[in-house]
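Two complexes follow with chain A in common, the first pairing it with chain B and the second with chain C.
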Partner chain A sequence: MSSGRFSKAAIRAATQLTNSPRLYHSLTHLPPSPYTATQIRIFNSALNHVPDHGFVKDSLVLGCRDQGYLDSTHAVFHNGVFDLIQYHLYNERTRLASLKEVIDLEENSPHDKARRYCIERLKANQPFIERWPEALAVMGLPSNISSSVKELAELSDEIWYLSGDKSSDFDWYTRRASLSAVYSTTELYMTQDNSPDFNNTWQFLDRQLANVANLKTTLGSTSTWVAFTGMASLNLLKSQLARG
Partner chain B sequence: MASKIARLAGSRKSRLPAVFQQQRVNRSLSYSATRLVENADSESAIKRPQGTTHFGFKDVPESEKETLVGEVFSSVAKSYDIMNDVMSLGIHRLWKDHFVSKIDPGRRPGGEPLSILDVAGGTGDIAFRMLDWASEVHNDHQTKVLVTDINADMLGEGKKRSLSTKYADGSRISFLVQNAEVLDSVPDDSQDLYTVAFGIRNFTNIPAALKSAHRVLKPGGVFACLEFSKVNFSLFDMIYQQYSFNVIPMMGQLIAADRDSYQYLIESIQRFPDQETFAQMIRDAGFETSGSGYENLTMGIAAIHIGVKV
Partner chain C sequence: MNSNAIRQSQIMRPCSRGLQLRYKSTKPVLDKKRALPPLSPRTRDFLARLIRVDQAGELGADLIYSGQHAVFKRTKPDLAPLIAHMWEQEVHHHKTFNELQATHRVRPSVFSPLWNVAAYGLGVGTALLGKEAAMACTLAVETVIGGHYNNQLRELLEMIELEAKQAEDGQTSDELRKLAKLISQFRDDELEHLDTAVENDAEKARPYMLLTETIKGGCRAAVWTAERF
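And then the complex of A and B:
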């Protein structure tokens, strides 16, 4: 009996070890898409409705309708609109690998490449940037926060990996934590940015990236730290939204 | 009947602790030993002689099961609500509410009212909830539910119940005796939503029922199932098994003086496939699922499975 329990714990520990720091090598072993063709069609249609309706179930229902399904079809998505948000996050993260050729040509240092990947990823939120705080609020719900933090860590890993930074200044955890922090704060900043072409956001990003070197000394190797930052900023945002 | 229920409610406080104590002393050890053996043998579905099916842990000829199941539910039709309370630790109402809010039924702006089929609907618990949801959340007073069940007594109770609701005129709710495995009076491609709550584990041939569900749903229609499931946390599982095997039959006896029927109810839960296996059965019937295909409720005591006909 207890041996069964131990072995389960051991398996969990072992998988955690092998899963860290890289969950996969994006260029060589991209795992198959977790979405069916039907789901992809519905999600893509639903995202078109987000600017008008927001990150709410209505957008998902309209996506089902657009694709010739029923209003009831939305129930297949167990996490409701969070499934739509996760689809967008997954899609845009895995899209970054397709930019590698161009970015390798156009940017020189790993730092510049990482900056460029951040910008490309942030730009993907542009079509519904006014609605993005709603998405962040959903991501920050207690039932969603661990998936959200995990996705953020994967994005960070992906960007470091694609940027080809082999420097040993940072261990994986520190790099993951620092880029996650930079990305999430910039993402939040972008939702409030009215400057032309989001110029202020890119400047904000540059200042954040410049700070990364200093973060090294203040950070432990910790993803809890990321979770904390993520949660703190989301909660801050939620209280701001609540105040209107 | 009513007086019996009242008596039970009054007696719960004083008698339950005694039940627990007696169980601890007399039965728990031998029962847990039996459970381990039965768990190890849970693949017995494969070894079962041809033409037989499970009735709880007893194998019976398939032709007999339907009658046996019918008897179980006839004998408990009026008190099974209390039984549900006991088996779900009192939270089946929360699960049902969650189930209905998750499928979120009702006509939406620019959309059509829904045709909903509630299978193994019994006394209409889920059906009334769905109609209330459609009316109150979507201001939809047209969506209809057809409640089907193999047992006319259960449906009779439901019909009686409907007379004291705002659906008394029968324009939004109707009742029809139907075997879920066949659904012979329900046309192909006719339903937006198929719900089955705490019913499917009683079916003799679950794949046949899933096939029928697929047949009657419109393309894009949703199959939604709420059912007792496998607890995914071993310590809690042990406690729940003790509770369900020892305490629940005793409670059943108190409630309906029909220990065998309740033993069946509990054993049918134990025999029902785990979440992953059932999700695969749903896909095998032609449905598409999203993610794992299910959501666990209360550490897996129950689960909601959803499939869509594409």
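And then the complex of A and C:
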């Protein structure tokens, strides 16, 4: 992948952070949960069938059956298997917060912490790593791409937040953009990795993170800022108009 | 509009001057067991915009005074301490909103590099024009910001009331009330800056009326932009 494409993908991910309204995060009020208890049970059962059946409708049907629902219940998930994939992405992203205590103890710098969160998050794809390319293909469909990119942006925001990032200016965007780029390329690499315990993947991750310094200077240049701000403004303008 | 007019429209009693309210979040991460039910999306959207625009505004104020100070330090050393006093308060405001932005996971304004350059330029530029122009700039900026904080405070208090009504047992956290207290404290600081500008003959300089009105218009445009972008 050329560095031009690399940073374009990263800019795209970062603009998604402006596209989705980042709502205020309270420290005393719970965040709203997008899933009901029933949906969670069905999705969890369905994920157990993914290693054998893959990211296909059958896994969702079997998940419904396991939970004592009619096979046809799967039809309530309008986006089919993409709903299951999104649940997995949401679930594993929000699970990272439970590791904060341990990671804060074991890692020092925000950079080391971010690296650890990446590893922990990637490991969650391990149970069905052979099937993960199927999921990536579904996520890349034209109708799903914007939700997928948004979820990737949410993940990098989560990782930087948990790692104690305090950037308060344009750096906020560059950090999230670079981590999105690193994570998505490493995730792809991991599906091809046959080394014991995914050792090659962790090495690949470290090399990518080392490149981030270069990417940061690319994104930090004025022309990139203008390009980025233009795109972000258009996105925001669209959502402002929609809001009225 | 002078500071008295703004004060007449105030809805909170000013806190005692001189007391610096330090914002300290109670816990670094949400404690799920003791947490209250979710805030409404409308409130969360409002709060995100509030923090984003105030962070950008305080970044601007910080840099305006920093620019003025850089000039007056050389050209009018007797005026520098006065500017330095206001600048210090803006640094405190700016730091506080940076802290709030990180803690409450609000994205900063995408235009922060632009606010940086524009505000410092405005500070240096008005200071180079002289004392009256610098004070006219302060007058313009602080009038808009003081009024802006008042509007926010009114809306925020309405939100707090609404959230309390919606909560089952009428229980709300003091997180939002602390924020309201902080904003009213900052509003008082800004009005003090406004008084300083008036005391230093900002309004006597008639030729600067055009400058004041232009800066006011620019500030209002910046507020509108930073809230959304």
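Note that in this section the second predicted complex is superposed on the first by the 184 of 244 C-alpha atoms of A that agree within 3 Å, B and C clash if a C-alpha of one lies under 4 Å from a C-alpha of the other, contacts with A are read in each partner's own complex, and residues count from 1 in each chain.
Operating definition for what follows: contacts are C-beta pairs under 8 Å (C-beta built on N, C-alpha and C of every residue); 3 or more make two chains touch, one makes a residue touch a chain.
Remember, it's a predicted structure, so these values are computed and weren't measured experimentally.
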A:83 contacts which: chain B (first), chain C (second), both, neither? first
In the superposed arrangement, does A:36 touch chain B (first), chain C (second), both or neither? first
Contacts for A:108 in the overlay, against chain B (first) and chain C (second): which applies, first, second, both or neither? neither
Using the superposition on chain A described above, determine whether A:143 touches chain B (first), chain C (second), both, or neither. neither
Touch test for A:194: chain B only (first), chain C only (second), both, or neither? neither
More residues of chain A are touched by which chain, chain B or chain C? C
Touched partner set for A:97, first chain B, second chain C, both or neither: second
Counting contacts the way the document defines them, which residues of chain A are shared by the two interfaces, the one with chain B and the one with chain C? none
Chain A-facing residues of chain B, complex: 102-105, 107-108, 110-112, 114, 192-193, 218-222, 224, 234, 288-292, 294-295, 304, 306-308, 310
Can you list the chain C residues touching chain A in their complex? 25-27, 29-30, 32, 35-39, 41, 43-48, 51, 55, 59, 98-99, 101-108, 110-114, 116, 173-175, 228-229
In the complex, chain A touches chain B at residues 4-5, 34, 36, 38-39, 57-58, 61, 64-65, 68-79, 83
Going by the contact rule at the top, pick out the chain A residues touching chain C in the complex. 17-18, 21-32, 97, 100, 157, 161, 165-170, 172-173, 225, 228-229, 232-233, 236, 240
